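By letter and in written order, the chains are A, B, C, D, E and F; residue numbering begins at 1 in each of them.
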Amino acid sequence: MRIAVINPNSTQSMTDKIAATARAVCAPGVEIEAHSAKGAPISIEGHYDEAMAVPRLLDQVRAAEERRVDAIVVACFDDPGIGACREIATGPVVGLCEAAVKAASMIATSFTVVTTLPRSAPIIEELVRRYGLDHQCRRVRAAAIPVLALEEPGSNARQLVRDEILRAIEEDRCEAVVLGCAGMSDLVDWLSEETGIPVIDGVAAATKFAEALVGARLKTSKIGAYATPNAK
Amino acid sequence: MRIAVINPNSTQSMTDKIAATARAVCAPGVEIEAHSAKGAPISIEGHYDEAMAVPRLLDQVRAAEERRVDAIVVACFDDPGIGACREIATGPVVGLCEAAVKAASMIATSFTVVTTLPRSAPIIEELVRRYGLDHQCRRVRAAAIPVLALEEPGSNARQLVRDEILRAIEEDRCEAVVLGCAGMSDLVDWLSEETGIPVIDGVAAATKFAEALVGARLKTSKIGAYATPNAK
Amino acid sequence: MRIAVINPNSTQSMTDKIAATARAVCAPGVEIEAHSAKGAPISIEGHYDEAMAVPRLLDQVRAAEERRVDAIVVACFDDPGIGACREIATGPVVGLCEAAVKAASMIATSFTVVTTLPRSAPIIEELVRRYGLDHQCRRVRAAAIPVLALEEPGSNARQLVRDEILRAIEEDRCEAVVLGCAGMSDLVDWLSEETGIPVIDGVAAATKFAEALVGARLKTSKIGAYATPNAK
Amino acid sequence: MRIAVINPNSTQSMTDKIAATARAVCAPGVEIEAHSAKGAPISIEGHYDEAMAVPRLLDQVRAAEERRVDAIVVACFDDPGIGACREIATGPVVGLCEAAVKAASMIATSFTVVTTLPRSAPIIEELVRRYGLDHQCRRVRAAAIPVLALEEPGSNARQLVRDEILRAIEEDRCEAVVLGCAGMSDLVDWLSEETGIPVIDGVAAATKFAEALVGARLKTSKIGAYATPNAK
Amino acid sequence: MRIAVINPNSTQSMTDKIAATARAVCAPGVEIEAHSAKGAPISIEGHYDEAMAVPRLLDQVRAAEERRVDAIVVACFDDPGIGACREIATGPVVGLCEAAVKAASMIATSFTVVTTLPRSAPIIEELVRRYGLDHQCRRVRAAAIPVLALEEPGSNARQLVRDEILRAIEEDRCEAVVLGCAGMSDLVDWLSEETGIPVIDGVAAATKFAEALVGARLKTSKIGAYATPNAK
Amino acid sequence: MRIAVINPNSTQSMTDKIAATARAVCAPGVEIEAHSAKGAPISIEGHYDEAMAVPRLLDQVRAAEERRVDAIVVACFDDPGIGACREIATGPVVGLCEAAVKAASMIATSFTVVTTLPRSAPIIEELVRRYGLDHQCRRVRAAAIPVLALEEPGSNARQLVRDEILRAIEEDRCEAVVLGCAGMSDLVDWLSEETGIPVIDGVAAATKFAEALVGARLKTSKIGAYATPNAK
């Protein structure tokens, strides 16, 4: 089985980190290809960045389809362009937010999402509602750090994320925490230990759910909204 | 007051039709600029077309902002890229679906949406739910016509739309009908007469709502999700 | 175009203030008639006041219909008797809460409502839920001032409203604020300046939305719940 | 215990029928007073009739309070003026729709409401949603009979109601049926026998629930929305 | 009329307390039988205890049916096994949570539930959502006391419950409080006095609602999900 | 990795079929243990059967925990006792309905569930709503066959299921179909071919999701509702 993990931004260090996470969790015999969306913004912080990144993400999806991958992971927590990807993909396309919150809902009765920037919180709130899990989501919190601070060696970003999780446990009475940014995927083990609560990383969740859907022999439905785009 | 009405596809005849509708309804003293999204697909039929159109739509929004327009109408019923437009706009940005269903909800207790292609119906259903009006929306119906058939002189598209509205009245017990495609905006008077029910066109609704928001001196909020994109 | 703005209470100073607001925002060529609901309570503070005011409001609607106005604004934030007004009106009937929250939802992803009395908060919460916007409404707050304090020259009511808005920004993470009382309509400019956030006044929003619906040639649907009352 | 059952319309034959139903179901020692809302419309068919009836209903509630009744039943399925009644009442105030659908939800997983006129269906749909039971309500159906036809000896109204119930069982897969008009309360036994499904009459349900709330020593909360009206 | 009140746990002192409450509120002529679920856990604190208790609860329901009781109250606030009970019961089966929150929703626009253990709060939140009343429920709070502490003479459990109610009034702006444990039923009068807010006990509410449903001649629907179990 | 797949009923032929499905889809290196719930009913057709089966299911979960399995699949589409299982399990516990509908929601915008008996449909409708996916579920249909008919060699059960799926495609406009009974798991390939639509089997979905959660190193949260049961 081959899964293409596509980082919709163009920061290679983040793609490398995502690839490492995906490879660490995938089953024996699963091959992970990781790609940056060349030409996309260096980080996705809001709707505009998303919109500019999606055509470049679709370039990568198209290329992956030509290589006949079995599934695609869109490795950004805002789940940009998922519907468009599903129209041109054959196998399943899984987004980080969708996978992570659906995973959270199976191991806890409630969860809080901790993301980077305040401006991303309303986007995630809308996604969670779209996925029907607003009743299990206690709150979407922002640790107030720019996405790329997670890539800087000396930054205090990881401490800020941990502190926000500790506040979430205290104030939100949540039973699990979802990390709301792909760039946090290398922190998940440390954060789980520091906080003593299940911490869910979207990269791992999406990779495993993609694997699961392929393993269950499921493909994207082609008889409705996700049909191949009409020729122009 | 100046309103930029932007057709996110590149079919000029549709832009012209939309401009005519907007000009027919705007208040005295309001100037309508109409633009096609050059380089975008010729029609928007699904998520993929949407995704490819949005960066071209944003080009037009950016240009309109430089011309200091007061508001922007995104003239496609799938409301593509609205969040991204709002991040780079100063004044209000109004989408056709959002305006039309909110208008419908103020003149009727229930409505049905009649769109072109079946593949667009789930996209509209999701929008209606996002706008919180699923409880007033009886059904989203497709007349099973390609978007551009509405541009062809001899096509029977208008009859198909009328017949679908008549079925909606009979089967859905709806009190109003919303036209689910910008390309239907020239049919609204004829359809109202033929069916005897309020028929709501998104182009007219969005133009008037944009005008209304500007008139009420409202601008897009810049302290959260719609803040100006972070510099990259 | 002629719009009747009807204050469902009988306090003329409030009607005058509402009329001034409506006239300040209406488009060229729009004529605003403003009327108090003679015989109604002097202010609407709860369901009971509402119930007593509605028949007097309907007197004014009936009279306005005879004068063949194009639309009606019911100028109270509790949206009293809107359904009944729609049954006897030909054109659109717009309430303040409905217009204001629908306007807010188009310029911000979330909003808080700031009203006068605590007893009105649950009424507004129910309205917001009825209009399907509870997922965008952070909270309904009361500044704990009687409605008519807004009419008294020396009162500190405006300061209390401003302080409540500042608390809303801080505690609710809202992107806009809706003023939950018609009597606050003259404060909107001052409050916007003081707080730096879009502040939405229902009188302006409803007047402009009424204008918009008429401009889009929409009338109240007469084939269902808003049909003319059955003769008795 | 004394319960005032108030018919918000002025048709005495309907009040008599309602009184008979309430007396047939009340517990030993419960006294039922039945009153017509003198001066109200002869039947309530839509929002307008409701609005005109409510002040007359409130006259009766005020009088009942002076007689120190223990609870009030508002005997119209549209639940007119319930909030206003609760503000001036001390004990519980129960509406027919609220009681009937909450009763239905305890004996069946789903129900359909069968009312008289099509124009009442959207009003009931909104009430059911307000009470949070839309997920258990399969459909609101109208038998297409005027309210007062139920009072005419020779009319075929009862047959039409039965036929609509039979259609509901067949088409809606409902497990119970709620009668959506106070004027149907004398048909409940016959309809239960004819259809073999639990048929719920609002008059009986509301009377018993009023009795239940009083018996559990509950009164209307006076610390929020249902506080006594502010003096004017 | 005979109502079987069944305590799904096996603590007889709690059964006695529940029986006393039920007898104190039932109408003249109603006979209350109270039974412990012999062999069940001594208290129900979570899903596991619930699951182990339900077959023993069903033993009691089966026995009660043989004695031809008219209705059954399942006297635990988690509403365990209600669906199963309804399948083998003829008359209505009423759970404490369902009755209490539906009662609360008729005397107040909002309520808070105060239960014993934090682990029960998510269970109750899910029940409240299932019953469609999450929009009226401000919060589910836990006073952090084990269920059986309510049975111990010298414990400070009652003070903790009162303090939690006082916090609910202050912080949640609720208009009523629902006691989220059958073991609190003897505290209801004292708590009402101490807090000055309507306090709703599930045992009283469920007993009265069972009485009400029987009095309205309603039985559990047998044509769908609550049909008699298929023979095995 | 070791996954215990537990059939909560006691029919060994169904357990064998379920085991075969789970083994056919699991990743290399995953060991599937399959167990029947000895002493449970022979099939689960409704709430009562569920309630009687759960303690026997918990016996198997307890035993599996002692054998230190990594995850548990509860192989019945009604998701019986999931909360209780999660309290006594260390790793993830996955139910068929939850896994199948969450899988469906990732490959299609809408789905219909096809189950066996009409009495199970409302149970599944409630589960789907609890999981927040009612907006993507077009309908829950019953093919009107007893659960064990699926085990009988010569029965026409499979044809009835296929015909119901074909009706779902035609009437519900669904994009995928979920099989609403564990006993249908061997039909999934044949049904996919016959109907040309993604057909989702809960056994495969739950097995793969259990594998995915373990692979992502997630365990059941122990700080809230799923904490280990309190000692009695």
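In the analysis below, a residue touches a chain if its C-beta (ideal position, glycine included) is under 8 Å from a C-beta of that chain, and two chains touch if they have at least 3 such contacts.
This structure is a prediction, so every number in the text was calculated from the model and none was measured.
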Least hop count linking subunit A to subunit E through chains in contact: 1
Reference subunit C; chain at largest CA-centroid distance: F
Inter-centroid spacing, subunit F versus subunit A (mean Cα positions, whole Å): 26
CA centroid of subunit B to CA centroid of subunit F, Å: 42
Inter-centroid spacing, subunit D versus subunit A (mean Cα positions, whole Å): 51
Residue list for subunit C, restricted to those that touch at least two other chains: 86, 109-110, 118, 121-122, 126, 129, 134-135, 173, 175, 224-226
Overall pattern in which the protein chains touch one another (line/ring/star/complete/other): other
Touching chain combinations (by label order): A-B, A-C, A-E, A-F, B-C, B-D, B-F, C-D, C-E, D-E, D-F, E-F
Residue ranges of subunit B in contact with subunit A within the complex: 41-43, 45-52, 54-55, 58, 81, 83-84, 86-88, 117-123, 126, 129-130, 146, 224-227, 229-230, 232
List of subunit A residues in touch with subunit E within their complex: 109-110, 135, 173, 175
Residue ranges of subunit A in contact with subunit C within the complex: 118, 121-122, 125-126, 129, 134
Sites on subunit E touched by subunit D in the complex: 25-30, 86, 92, 94, 98-99, 102-103, 105-110, 131-136, 169, 173, 175-176, 189, 196-198, 200-201, 204-205, 207-209, 211-213, 215-221, 223-226
